[in-house]
Amino acid sequence: MKKLLLKSSLMIFFITLSLTILYFIPVNSPNYLASTIEKHNLLRKTLPPRIIFIGGSNIAFGLDSEMIQKKLHYPVINIGLYGHLGLKFMLNEVKPYIKAKDILVIIPEYEQFFGSLCDGKRDTLMLMLDVNPPSIKYFTLNQIIRTIPTLFNYKRRTLVYLIKGSVPFDPIYCRNAFNKNGDVIIHLRDWYQIDDAVAKKLKNKINPDKFKNIKELKYIKFQKQELTDTLEKLDFNREEIDLISSASIIRQRMGLPNLIAEKLNTHTIFLLNKFKLYARKRQAKVFFIYPNYSLREYKINKKQIISLKKELEENLLIEIIGSPENYVFPDNYFFDTNYHLMEEGRKIRTDKVIEDLKKVIN
Amino acid sequence: MSFNSLQYLVFLPLTVLIFHRLSNKYKPYFLLIVSYLFYLCTHILSPFILLFTTIGGYFFAIKISETISEKDKKSLLFTGILLNIIILLSCREIFKSLIPAIGVSFFTFQNISYLIDCYLGIIQPERNFLYYALYLSFFPKLIQGPIERASNLIPQLKHMKNTICEYETLRGGVQLFFWGMFKKIFIADNIAPVITSILNDINGTSGPVLLIITYLYAIQIYCDFSGYTDMSLGSARLFGINLTNNFNYPYFSPSTQDFWRRWHITLSGWILDYIFKPLSMKGRNYGNYGVITALIITFVICGIWHGLTLNYICWGLYHGILISLSFLTYKKWEKFCKKYKINQGIIYIINVFITFNLVCFSWLFFMTKTLSDVWLILSKNITTLLNFLAIHSFDTGISTCFIIVIAIFFFIEVLQAKFNIKAYFERQNVFIRWAGYYIMIMVIILWGNYGSKETLEFMYFRF
Amino acid sequence: MNIFDDLNSIFREVFDDDTIEVNDSTTADDVDGWDSLSHVNLIVTIEQRFKIKFGTKELLTFKNVGDLRRAIERKLSGTGC
């Protein structure tokens, strides 16, 4: 018994050691979240004073930082990536980079104030650790403990591709979707998301080169006219063609929690206030702006948003600019979720942000 | 708590450690408590069903042996068996939404075998309730077998007090456990998602892919179930208990009769002893017809044991007919081969090839939910073969690399079956051995498919 | 009359192998081709040759040739069931 125990402990030690070493070897991941490495490089290299946008995918997919930079004459960094990382993480990852005279603009998704999303989703945090192991320093202890059971899931995924044959590659949610300021630009032109039923119909019938994502058939890249023609040739009816080519099928692709179903979480406000105090010590300014939102979702969640607004106005130490209504846009401006804007909406939204910021900066 | 779950990896070593620390007197009690706790993890009601079955079996067996009149004995036996069947059916079919009846079919079958053995006088009923309860509930075999006979397990449980677990035994247990884990997590579970996704869209899948899937499923079900069995046997060995092996390289069987002696051995042994033998003996004066009828009835029941669906019944029927045909033609085929002096090795390979294909076909009934799906896959497979594998799309979602790994795995199986490569491996020096263990564990951790809900279950949990 | 002589000839005939020598401790594992399918044939042949009839319960308890021999002897001497 003793001999076995000794030997197994030795084996466990070897295995743990190799896993630890393996874990800290960074992989050059094409994953969307891996762009965090570029974003942190930006934070490191750009000299203050700068405008830093903090938030989830609503700013990744809905801000034109280049335009803001041109109009406000500050270097702009958009570190927004994905709402599931949670606001807590987003604030923590910026903290060490805050310098005097920086302007920090926080635009969180509404979901960050409801339920427990601000703590981050376990799988997303895990993925973040996987693509960029040093990001563990922005994790709270609780987040580290929460992610331990899924440790290696994502690291393993890169290895598992050796078995599965190919790396599933999302043409939109990928590392090279961004411009040099950190905005997603890849989705702006001629991408159409198709739903499963359509994908099934298209499968086998269409030249596979036209799909970026063959395995999942999620997006199709065509010039609008070309797409309409192709679909007509394939006997799709008018209605289906309109649906596909308008690309205005809004759905909760990211599976964000429904606002109505969740309770308002005042902890988020507490976090923001703490952040404000921290930034003040470092002589940086902090502002809060409401996220863009689709009209349809706004109608559904109006009550919740109004109560949130009231709560923020009473308790938030950060200066709020603008109102929720100001950032509600028609549904057809949106790409694949009710936060992700396409070109037209993105431009209008950026103009509004510039307007709002002008009021407070100069 | 499944064998391939993280909890079990903590539970098992902990149990083993405590077990070997305990004084002999408490060992069986400890195992019994742990086994019931283990079973409690599946459902809050499960231990009560088990306890009820145990009490029933215990008293019926004693009553049967104490009764003198043959007629009373018989009626007691039938009541006992009926009770088990009622438990099984009510858990499996009637209340299946209320109680997840994991393992019920395994322990009721063991209970029935015990009753019959007592009736036949092959064994004496166990008077000590503790050992009988442990016989039914011993956790390494509780959920998915092997279906142990009382005559094999109870004496071992009783001698547990005297066994001093030697290093070799324990090491063998650990090795077997990880080898099973390798089969389950690395091979079976990496195949599983591919098959599931293709089964969702049989119509839209090309013929060659379906053909490959047909064979992959055979590999999956074997690695899944034999992997489980190895983990089960390995776990038991850590307590100094030897359970019956369930598999003996079934895919190298030269006939379907032989296949059933090597696949799920404890179940086929059970149905052979308790269903086929009485039936065939009753019908022994009707010659071949008697045997064939007995075979078909036996295998249909074997099918039903897996589940009360048309697919399983057809699967049983198919195997019944297959074995009957093999029974009728085997001698003639042998004579034919002798007459034309065909090389023994070639005959063996041809036999294995035919048997393997016939068995792979039977798994279609397992793989799909409806007979029309079976037919769809079969017809597509046949068209593919007729078109000489017309290549349009071979993209199964599994890389050639993994196919090669599977091939290597079966090559190792062949080596083990023919030359006992394991013993050879153990004669190597410590570096080679440790490298072997290390690679295997790393492969499980890095390339295994675990962590998601679907893969956590073993396929035979359903039965 | 030696029962073993008879049994040997029956076994040789049923299993098509002239080298078979059975004794009390012979089991199915020792005889090539003695499986549950050929077992039926064996029992029928024994019953015909000795002109006896086994009970079903009896048939299920045979573990080796010894059990079989004792059952035959019981039948022939007219005792037992």
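The letters A, B and C name the chains in turn, as written, and every chain counts its residues from 1.
Throughout what follows, contacts are C-beta pairs under 8 Å (C-beta built on N, C-alpha and C of every residue); 3 or more make two chains touch, one makes a residue touch a chain.
Note that this is a predicted model, so its numbers are computed, not measured.
Determine the shape of the graph in which chains are vertices and touching pairs are edges (line, ring, star, complete, other).
Topology of the interface graph: linear, an open chain of contacts.
I'd like the most central chain, judged by C-alpha centroids against the all-protein C-alpha centroid.
B
Just list the two chains that share the greatest number of C-beta contact pairs.
Highest contact count among chain pairs: A-B.
Taking the mean of the C-alpha atoms as each chain's centre, how many Å separate chain B from chain C?
32
Could you state the distance in Å from the CA-based centre of chain A to that of chain B?
Each chain's C-alpha centroid was found; their separation is 47 Å.
For chain A versus chain C, what separation do you get between their C-alpha means, in angstrom?
Centre separation, chain A to chain C: 79 Å.
Which positions in chain A are in touch with at least two other chains?
In chain A, no residue touches two or more other chains.
State the interface residues of chain B toward chain A in the complex, per the touch definition above.
Interface residues on the chain B side: 6, 20, 165, 167, 170-171, 174, 190, 204, 395, 397-402, 405, 434, 437-438, 441-442, 445-447, 449, 451.
Flag every residue of chain C that touches chain B in the complex, lowest number first.
Per the touch definition, chain C meets chain B at residues 35-37, 39-40, 43-44, 47, 54, 56-57, 59-61, 63.
Touching chain C in the complex: which residues of chain B?
119-122, 257, 261, 272-273, 276-278, 280-282, 284-285, 290-291, 295, 327
What residues of chain A sit close enough to touch chain B in their complex?
Contact set of chain A toward chain B: 1, 3-4, 8, 11, 14-15, 18-19, 22, 149-150, 152-153, 156, 159-160, 162-166, 200, 203-204.
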